[in-house]
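What follows is a set of structures for review.
Look for chain A in each of the two complexes below; its partner is chain B in the first and chain C in the second.
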Partner chain A sequence: MSAAGDRRPAPAQGPGGAGAPPSPSRRRLLLLAPLGVAAAAGVGFYAMLRGLGTGSYDPKGVPSALIGRQPPEFSLPPLEGADLPGLSSADLRGAGRPVLVNFFASWCVPCVIEHPQLMRLAREGVPVLGVAYKDKPADALGFLRRHGNPYRKLGVDLPGRVAIDWGLYGVPETYLVDREGFIRWRWAGPITDDTLKQELQPLLRRHA
Partner chain B sequence: MKYLFFLAFLLAAPLTPPALAAVSDPAEMLRDPAQEERARQIGRELRCLVCQNQSIEDSDAELARDLRRIVREQVSAGRNDADVLRFVHDRYGDFVLLRPPVKPATWLLWATPVLALGLGLTLILAMRRRRAAAAPPGTAEDLSAAERARLAQLEDGRSP
Partner chain C sequence: MIPELGHFALALALALSLAQVVVGLWGAQRAEARLMAATAPLAAGALIAVAAAFACLAWSYVVNDTTVLNVVQNSHSAKPLLYKLSGTWGNHEGSMVLWVLILALCGGAVAGFGGNLPSALQARVLGILGLVSVGFLGFILATSNPFDRVWPPPPDGQGLNPILQDPGLAFHPPLLYLGYVGFAVTYAFAVAALIEGRVDAAWGRWVRPWALAAWSFLTLGIALGSWWAYYELGWGGYWFWDPVENASLLPWLAGCALLHSAIVVEKREALKTWTVFLALLAFGMSLLGTFLVRSGVLTSVHAFANDPERGMVILGLLALYIGGGFALFAWRAATMVPTGVFAPLSREGALVLNNLLLCSIAAVVLVGTLYPMFADLLLGEKISVGPPFFNLATLPLAVPLVLAMGFGPMLPWKRARIFPAMQRLWWAALAGFAAFLLCLAIEGWRIGPALGFAAALWAIAAAAADIADRIALFSRPQAAWARAKGLPRAAWGGALAHAGLGVMILGLAGMGLATDKLALLKPGEATTLAGMEYRLTGLADVQGPNWTARRATVEVRDGDRLVTVLEADKRSFAVARMQTTEAAIHTTWARDLYVVMGEERDGGAVLRIHNNPLAPWIWLGAAIMALGGGISLSDRRMRVSAPAARPVRAEARA
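Let's turn to the complex of A and B:
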């Protein structure tokens, strides 16, 4: 092939015309593109990992569908032997001050972790209302005897049906119902000291 | 050919029925097989919120079992599929639906396949046009006298 001495001249091309091969700067740009994508992905992953560390990002967290709504209608029987009234939706309608509804169970380890914070809230005068979720009455009673009772009212939800009406997907879960009776906040997981200071106490002040 | 098979496999994969539900406790099932089948169809649309990449039909979690029971109760009570799905959706929000609803927040999600296809087609067309412009197809008339002679020589040498 190379024997042909007189080759057809390349078609005339304007600078950067449609037919132009990529100019050196453009080629360099193309080579850098994958690096750019990798860098962006790296920054994204770093942000996610940081969020996981500080707790601001939770990939398994489920936003509650009940925020801004009134609690579902329900009426739960009291825990026998606890000497506390049962809990029903009427107790949450316009209580005149924000109240907390806490779902717990004696078989739930994170519930033990959050219990001191609930006790503290109760001491500070915040109404904490409890629901014993899928817990044998005797076990729930034992739990309160061992760790103290923060609840003003306590309903027993042995089949867990009322919990499903609340959109609960694990214990512990805590809901803040404001003075007008609307759900403003849901915390899935134990209320730690940090949760108390950074989330719950500012909310309680705002809705007081 | 191998490539074609692979492509066919990829295309067919979503059509194959999902693996049999992991949970098949006979005590949970409805007596009426038609109703049980409907309940399963509904259950496959619902995410288990405990083990989040499984439907409630596939999950062994306690909450999934409770939701399966609720779905079956409502199916046997004669409520239609949309009603049952709405019941769960009202309580658990969009996240519980394995097929996200089409609404402004999910438009981009639903449009992504179309957008990606459009982008790919545009890229292919643009590259083809550029290549066509860079090398316009030559004809025999474009050849110089020397090239034409060389071509004739090659053709002669090939044919016996």
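Let's turn to the complex of A and C:
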């Protein structure tokens, strides 16, 4: 778009009629401001989009301080009537293959949504270890009877103390512990079909 | 065959739009009358082509053509027809086609009804609109083709997200897009004005109806979305300051400022640079919203296509339109010469104040929306900015805005005195103050809602006082009817829109007093909330067209009188493997009785019961605001060119 039109000589005058008119250079600076702000935002957005591609920027991820470290020490009692062993940190240390630790509760609706995916993982032979978070034993038992049991071991964390040590964001939440016993991945929220295909299965293959 | 026709029509539209850009901008620059005259037919042609493409896509949805990938991913044969049709724009690709269709409609309208524009201005406006069309048509064809085929065809589609299967949401996107895209026209006018280096009263008069129409549609669209969230999501809330909600609020705020400052340009030839800036900003905010929703840079319940590749293309378009617009602004805006001078206390001054406050609110919302993203990017910190921040930061700006809204229309142009306005408004202030005290007396020390009631009463009474004053209701009552009939519709519309905001604030203040409780009830048991008794009478299985549900039946009694029977559902959709809650709502207009069913345990059900005073008035107020905009738009002066009406106008070619 080339310069043309009836360009009139521009007297220095403010945007409104009121008040003292700013000097021409200040006015020019003011007129440039929107472009500057927009450009800065644009550079930021560009960096975000680049980061989305490389994985350095992820609006969905909730980072965990535990990634790359060993899980905190804990020992949880078994769920009565479930006929499953309880869960302790010793079970996660050097299991020889990656295991999943899943925090759930019978009162959480997203847990019901993610349950079929856990069942599928269990059928495929992935060890899924469970922690029943702030859940009455009878309710947790009812939950497993109704929806099936994907867990090899299950600890009951009624007061939620262990969950605090893990830095739990909410239920459901799932951690991947690799064969050496280091936490590699954390997923806050339900594991959906997409999560399974796009995130978890590649990780399981990599750490197998 | 039909999808291929649609694809071809999109490509044809791209070619026509490209021609529209070249012919419009080049023709106006060279002052070639024949070239300029060709832009309007080209715009009409582009409209026909885009409309044909949209019709082809809608057809594929209606007949559930499973050879079209887009249909497979977003539709299902068992869906009701309305949702098959709304499925057309219920996904990324289809909604982009709708976006471009509305843009083409705007172009067609400028071509058809813009016969009274100077031909160079019309050609430039159409050229810029064509440029916007080219970008988005190119984006659709390159990255988001809705007509992609899939072979062999699957037996049926995957269904539309069940929470989107709702009449309110079916019309939410078209209304929003009418708003967003409407600002493309004001943007085009602003860019054309920058190219020509001239803004005058006539320019203001042409821009204002577009700003007004876009703003009215956006008001309706946002209100519909908020209403949907209220009754469908079952949280009992109506506005969550979600980034995507904010993205729709930003152009609304900028557009609201624009339509007020355009009045000053039209009447007084002042605030020219500022108005041009607002016109660029309003469309810029619309595009920013498009980018945020579709690029995947933020998470939200509304987010569409999480595809960084697409995000890059949209960012490129943003750089072209917003960056180009602001660059032109920085280069050319200095040539705008303000002619009208005014005292700080005047109608113009009040409108400047309105603009400053609206833009401050917009700035607060923009910062609150983008801050978490930039904090994540630059500092690697996860921060969420929620309702407490937004409520706290916008309230101190909203209070003076409503206060000034009452005074503004009472002040004469150029120079005003505060005393005569106060003389006419004392009873509105009294009404507000009385509401404030009354709320404190009844509800105790609840300063927020009390302020809200005061603001609502003040706004409504001030709008009434404005009309009463204009028709001289009290000073010469016998002539009032005649004066009322003679009063321009813009005055009625303005007052109505201001009163509508008051009605909306009334609803917001009422919702500030909302109460709720969780109760585990077995059938036959009851609980009370806000003087009403809620008795669970039964739990049952229900079968719907494409869902099954557990239904809680709740009888609500006020003393011995049965008020209503509410049926709250928890629905399971088999195809989508999703559960939704259907809140049961009964409105008495004084309040909403609102019941949501939670999980079942121990033979009973957990019920969440909300008592929402004055809730429906929020959306009624928004509808009144939009109606005010519509009435204002029907004003004869809006449709007649300045300075003198031309009797023969070009017929609509669209």
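Some notes on this structure:
Just so it is clear, the second predicted complex is superposed on the first by the 150 of 208 C-alpha atoms of A that agree within 3 Å, B and C clash if a C-alpha of one lies under 4 Å from a C-alpha of the other, contacts with A are read in each partner's own complex, and residues count from 1 in each chain.
The rule is short, and it goes like this: a contact is a pair of C-beta atoms (placed from the backbone, for glycine too) under 8 Å apart; a residue touches a chain by one contact, two chains touch by 3 or more.
Note that this is a predicted model, so its numbers are computed, not measured.
Contact comparison for chain A: of chain B and chain C, C touches the greater number of residues. Contact with chain B, but none with chain C, is seen for A:G160 once the two complexes are overlaid on the shared chain. When both complexes are overlaid on chain A, the residue A:S25 reaches neither chain B nor chain C. In the three-chain superposition model, chain A touches both chain B and chain C at residues 4-6, 8, 11, 17-19, 60, 62-63. Residues 3-6, 8, 11, 17-21, 60, 62-66, 72, 134, 159-161, 164-167, 169-170 of chain A are the ones touching chain B in the complex. Of all residues in chain C, only 25, 29, 195-198, 270-274, 277, 280-281, 284, 291, 295-299, 308, 311-312, 315, 318-319, 322-323, 326-330, 333-338, 340-344, 348-349, 352, 370, 373-374, 376-378, 382, 577-579, 599, 601 touch chain A in the complex they form. Residues 49-50, 52, 62-63, 66-67, 70, 89-95, 129-130, 133-134, 136, 138, 142-144, 146-147, 150 of chain B touch chain A in their complex.
Chain contact summary for the complex, chain A toward chain C: residues 1-2, 4-8, 10-11, 13-19, 24, 27-28, 31-32, 34-35, 38-39, 41-42, 44-53, 57, 59-60, 62-63, 107, 109, 112-113, 139.
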